[in-house]
Amino acid sequence: MSEIRPEERLAAALARLILAPDAPPARHIAVGAASPLPAAACWLVKKQGHPVRLSLLHKRSGNPFTEGTRELFDLTGQGRIDLFFLGGGQIDGQANLNLVGTGAWPGKDVRFPGSFGSAFMYMMSHRTILFREEHSPRVLVERVDNISANGVNEPGVFRRGHAQALVTGKCVFAFHPARARFSLLSLHPGETVESIRAATGFGFDAPDQVPQTPDPTPAELELLRGPVCDEMLETYPEFCARVFDRKIAA
Amino acid sequence: MSEIRPEERLAAALARLILAPDAPPARHIAVGAASPLPAAACWLVKKQGHPVRLSLLHKRSGNPFTEGTRELFDLTGQGRIDLFFLGGGQIDGQANLNLVGTGAWPGKDVRFPGSFGSAFMYMMSHRTILFREEHSPRVLVERVDNISANGVNEPGVFRRGHAQALVTGKCVFAFHPARARFSLLSLHPGETVESIRAATGFGFDAPDQVPQTPDPTPAELELLRGPVCDEMLETYPEFCARVFDRKIAA
Amino acid sequence: MTTPISLEAMAASVPDGALIALPPDNSLPSVALAKALVRRGARGLRLLGVPVAGFAADMLIGAGCVAEIETSAVSLGEAGFAPRFSAAVRAGTLVVRDCTCPAVHTMLQAAEKGVPFMPLRGLIGSDILAHRPDWTVIANPYADQGEDPIVLLPAISPDVAIFHAAMADADGNVWLGRRRECATIAHASKRALVTVERVVEGNFLEDERLAAGTINATYVTEIAIAERGAHPVALLDEYGTDAAYVADYARMAKTEAGFAAWLEREVLGPRAAAAE
Amino acid sequence: MTTPISLEAMAASVPDGALIALPPDNSLPSVALAKALVRRGARGLRLLGVPVAGFAADMLIGAGCVAEIETSAVSLGEAGFAPRFSAAVRAGTLVVRDCTCPAVHTMLQAAEKGVPFMPLRGLIGSDILAHRPDWTVIANPYADQGEDPIVLLPAISPDVAIFHAAMADADGNVWLGRRRECATIAHASKRALVTVERVVEGNFLEDERLAAGTINATYVTEIAIAERGAHPVALLDEYGTDAAYVADYARMAKTEAGFAAWLEREVLGPRAAAAE
């Protein structure tokens, strides 16, 4: 096996979170984020033989929805979406997400594209995995400038699920909704608790011993580079070329 | 021209009500009632060259709706249905309709099929023409046993339209929502104000001179027996055979 | 990938007392599954006519399978009043919750969207509303002036959606064209049991011509093959209504004895079983 | 029977200041009509992205046609942020009403049903809600316990729905397959202006295979033929996204001067006009 690429480690880490035994089962996952890594993680889980239904919103052909884009939100409202992925231009220590922009509302400083369905999906999916490759004080802030989607709610507000974890290019955090705080779950190679603190704008908990994020197993690597890449080639050709050195046959 | 059938007179009378100059325009008419006469009247209007859209809910092929039966009600909610037809097992002097049954709720004495969409369509269509061939004290009652759909509302309740008229086998009544009362508009041949009073369970107003319901014109008869019948043959074969002596070619 | 099960296994999976949503006679009821429910001796079913009920409901009521029905009407269409329904209302053996068509759709759409209620215009002044303590009237918070009362209807989530589709594909998607109330029923229900004429290769969602009339397999719990499974009701452009069959039913079902004979001949007896 | 009008006549029928609903770049926007609106010099338009906005919206904003936008996002997808939208937000020349996808659908569905509002779960705690004085939170009257706050969203009825369909038939029905948000937009809007690749014989509603993906002519105000009218966006299985065209736009539109040059070349100039 050739060298493990950082993206392969992230995909495997995400896949392990999807399958986490203490989380509710992921029977139906919707992947709407533009990033190909959550999609790769979902395909890895599926190619490992787990019976999971994937609704890939960026797939060009065979769009799974026949009511237009409304159907994803209706599905989620029905409680049929077990897991969703979200990112954000800013993410804060209470797992609030800012997809609107920095500065005064609605993003007078730097405007991001917008909140998409986050204000609904984050509350109505059974769980959400947060993913943002860039791990910097610019992105991981003490308090987001604007809340597109909030990490927790006041008691008495109907909410089906919360963030399970936040995966970045440097580490994996677990999120604890009851105390609205992240804790360090694992460190990617080369990182320490101190390096994470230096790169993170929000406070977080850390156990005495933080394990390293495991390498993908040879079996996982084989799946990622073979059948997972096969499924992703049409939708994410640049990603497959960069990470797996694979191109669509002309 | 052969003798005018009663059904032909009724169809022509309905068509004239559809086109009544003091009523809001009928650009889109939905016909849901099982009776073929409102459908014949609508086709007559259309074949006379008036630009009207017909949504015939009983048409076997080419159902106009692509959202299922919900679409008729959504259309009506949008204010796009200008005219609808309703009948009833009982109709009372305030234009209340009973499609549920007689005796205690929900029809312990004689149960009718049920209210269908009447409780919505009657209030949300721009106008409704009531049609019931049987004109008897059993059907036209002082007060319906059960109200499927009410003729008028308290002030402040959103309502888009009311009954315009009630057409029976004996006469045509106009309805006056402001005073919640019918008045006699025209008498079919052989009827008098007294014969109508005797056959009607509710009180109604009558002018000093009540005109006769006009005969269909030769042009109307020609359209009814020709192109209107052509359109109705598939959906209402028995009616066409009985009234127009026409059968579907084997 | 969904593997079809047998009609009898499908009927066995419907528990006594289940709340079952059924499309009307112009929109793909699974009469085949209704007959199988009669054969399995289902009891205490609660039916929801979407928005009205027809042949299958009347038969289930006559066979003693039904405790309650919520619907905007029960009718055999051209063949007239539903005889076993009418008899049960008269006898007081059936709880009837009268509704009006758009209210049924609205309650299912609320479940489809995952909201606890949805508003609907109309209804105010009708005895239907007066007999529905579960329906609420509120002042419209968006009124330009005055109270503007408007009805809120609660979401309804049937235990089982039952309908018939033209075909299923290898991935378990089902196709039924423009009869989209069946999609809403499936979305709103906890389980969907779908009978089909046939199972075909491929995936309808990959075909732009078929996708719009397809219900995604994610909503389909089980599929069973039942040829002419809507009969005597029409199936799209595949077969028409068997009006003579319905008229014969309407005639025989006027009496309890006549209905029992019809049931024996068409549903329970050896000849009926062989025909399925 | 609908007779197609010209693209320019269609653009002329959209008044300045109109509230226009547009589908996103994955769901059949009429880029051809958006270009025609730029050519006619439309001003003060209010856009509604259903539920997000893309290439056409950014172009209209850059060309100075737009006063307000209500949307859940404006994005060029793979090509990144929408440059003219971002510049207008920075400059404060555009009123932005931020939304979230299911809220856009819900407000249109309320108009589709003819109700003044519809509820939606989620949203509580988001600054989107905090910045929408037109959205209301009420106590759920069907709550099992407690207040159970839930958001009510007002119906929104756009003046004009604008989208592109694969084809129209002789009766003015349009077919666009599974992209059913366009049907909801058409139902909710006062007028629907639809560009199509072609007009064909027959009536889609008579064809069970096509009916489910058809929007009835009753909702379609005008049709104009615009071949490749979605370009550079994909049209179902007929043509794909022209990613190079969008990337070129994204690059040039980074500056106002670059955008002006792009507009001259692709929309306003003689070569652009000849290509339409």
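Think of it as A, B, C and D in the order they're written, each chain with its own count starting at 1.
In the analysis below, contacts are C-beta pairs under 8 Å (C-beta built on N, C-alpha and C of every residue); 3 or more make two chains touch, one makes a residue touch a chain.
Keep in mind it's a predicted model, so treat the numbers as computed, not measured.
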For chain D, the least number of touch steps when starting out from chain B: 1
Farthest chain (mean CA position) relative to chain D: B
Euclidean distance of C-alpha centroids - chain B vs chain C, Å: 29
Whole-Å gap separating chain C and chain D, where each centre is the average of the chain's CA atoms: 36
Between chain B and chain A, distance of the C-alpha-averaged centres to the nearest whole Å: 60
Numbers and ranges of chain B residues touching at least 2 other chains: 61, 63, 65-67, 73-74, 77, 124
Touching two or more other chains - residue numbers and ranges from chain D: 109, 113-115, 120-121, 148, 150, 178, 180, 183, 211-213, 237
Chain contact graph, described as a line, ring, star, complete graph or other shape: other
Pairwise chain contacts, counting only pairs that touch as defined: A-C, A-D, B-C, B-D, C-D
Residue numbers on chain C that touch chain D, as the complex places them: 106, 109, 113-121, 136, 138, 140-143, 148, 150, 152, 154-155, 177-178, 180, 208-213, 236-237
Residues on chain D engaged by chain A in the complex (per definition of touch): 24, 26-27, 51-52, 71-75, 77-78, 81-82, 85-86, 89-90, 92, 96, 98-103, 105, 109, 120-129, 131, 146-150, 178-184, 234, 237, 240-241
Chain C-facing residues of chain A, complex: 28, 53, 55, 61-67, 73-80, 124
Chain C-facing residues of chain B, complex: 34, 60-61, 63, 65-70, 73-74, 77, 99-101, 105-108, 111-124, 146-150, 152-154, 156-158
For the chain C and chain A complex, residues of the former touching the latter: 111-115, 183, 187-188, 203, 205-206, 211-216, 218
